[in-house]
Amino acid sequence: MDLDLVREALGDQPFSRLLGTRLVDCGDGAATLELDIREELLQQYGFVHGGVVSYLADNTLTLAAATVVGPGVITSGFTIDYLRPATGAVLRADAQVVRAGRTRVVCRCEVATVDGGGVRTLCAVAQGNVAVTEPAGAGR
Amino acid sequence: MDLDLVREALGDQPFSRLLGTRLVDCGDGAATLELDIREELLQQYGFVHGGVVSYLADNTLTLAAATVVGPGVITSGFTIDYLRPATGAVLRADAQVVRAGRTRVVCRCEVATVDGGGVRTLCAVAQGNVAVTEPAGAGR
Amino acid sequence: MDLDLVREALGDQPFSRLLGTRLVDCGDGAATLELDIREELLQQYGFVHGGVVSYLADNTLTLAAATVVGPGVITSGFTIDYLRPATGAVLRADAQVVRAGRTRVVCRCEVATVDGGGVRTLCAVAQGNVAVTEPAGAGR
Amino acid sequence: MDLDLVREALGDQPFSRLLGTRLVDCGDGAATLELDIREELLQQYGFVHGGVVSYLADNTLTLAAATVVGPGVITSGFTIDYLRPATGAVLRADAQVVRAGRTRVVCRCEVATVDGGGVRTLCAVAQGNVAVTEPAGAGR
């Protein structure tokens, strides 16, 4: 999958448009997504809502898998551990494939905030399973 | 925590307002949240985005824990397994406390869609850990 | 799969023989395994080692799935949360299928200790994914 | 904690003695454990039983946390994804601390087999939570 195709797939997700997610990079078993932190995405204490963090992890895990096995993928499930409250300008998720099997891809993801100076603060780690619903090159 | 306090806490979350989440019920180690499924919450195939499902699980797990140990809680992390694509009118999450310790509460959650006739279709199960940041009755 | 077949499969696992695991019941999407708690299975504080608890959860999740989709299954992974130190005479795990798909079965499991009077103390909950490697009725 | 103390703690676990686990290295937020693969540790297809793999991940996660926060730790729970059947001479787990908080340490772990020539084949990844039951330097 090239970058433009993945960007298009992301743009086709109404929920990702609502949140303002953008594709930073993807390829070779890795993907990076970002979104700008804004008031609407917070919880009651002024930090990014955990649901935004887990959404971004989920989506980035799936895209990392798609770079290896093609677009016919769907996330089966994942585990996320929150490490610190997320606050700052930008939320960024980096995911990598650990092992791509024929029907299942296992990936890991780190979600961090990035401040104006580019300093990255890790705020969650995730590990997930992506199911291959349609093998790459199967037409489509 | 009574129902009005929890409803207020939920209303204080900008992200929950953005998604339109409402408290259906909570108390005695259980909580139920719902949101109306609308176009903005979908992914590219017309189903509810996994990120919405995981957000709702996360939030409901936390509220279930709060009914036992008080409002000083924060979700440490959770595992979610998606079972079926979520589609329909309403997304509902039911969470229950499995074990409330002094510093950690373990909860389980089921997320289902509910159609107009009240028929429930299970679409995800989650299991999570909620940290007690402030013991109940510690002031606040 | 009938009870005798499952018992035989369990008996074919050298590690289950080493631990002394026995099949209590299985069928219709559920399975129960037990083992007698003995000194060799403990950690340094005199409780059952977490590794024994997680082993029993893993094995019971797999058997529960097998009762629905046949013997061609392998556990993909699972999450376990420990709730209490496990101590007593018998360790028992009960697993149930939550959703059996064509290629993946999601199950939940509770691990408890049971004392001489039959009183059950829950000590861990698990949620796992079992992969169907060979559909039921595919020969074998 | 120095290496001798950790080795002693491991030797105090009857279950780790039963399995033959040895400490290879630990310190600075990381730990490595190994065990020799032998017939008793297998499942019915001749591979290392998943329960042995998850036991080793669990134990290594805990030790990695202990190198940072001291011996007063207990694993709260973990997630494991199996990647490949484990076969070979030696099973090795490497764990690292991702984030050590005051009451909770999040760690990751890789479990691999190592053949006679030192070639490592990754067979599982885990992510876990370790609870700090007694802060370092609190006496013991």
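So that you can tell them apart, the chains are marked A, B, C and D in the order they are listed, and the count of residues begins at 1 in each.
Here is the rule we go by: a residue touches a chain if its C-beta (ideal position, glycine included) is under 8 Å from a C-beta of that chain, and two chains touch if they have at least 3 such contacts.
Every value quoted in this text rests on a predicted model; they were computed, and no experiment measured them.
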Q: With chain centres defined as mean CA positions, report which chain is farthest from chain D.
A: B
Q. Where are there more C-beta contacts: B-C or A-B?
A. A-B
(Q) For chain B versus chain C, what separation do you get between their C-alpha means, in angstrom? (A) 28
Q) Cα centroid separation between chain A and chain C, in whole Å? A) 33
Q | Where chain A and chain B are represented by their mean Cα positions, the distance between them in whole Å | A | 21
Q: Could you check chain D for residues that touch two or more other chains and list them?
A: 76-77, 79, 81, 106, 129
Q.
Applying the document's contact rule, which stretches of chain D touch chain B when the two form their complex?
A. 76-77, 79, 103-104, 106, 129, 131
Q) Tell me, which parts of chain B touch chain A in their complex? A) 9, 12-19, 39-44, 49-52, 54-56, 58-59, 74-82, 124
Q. If you look only at chain C, which of its residues touch chain B in the complex?
A. 79, 81, 83-84, 98-99, 101, 106, 108, 122, 125-127, 129
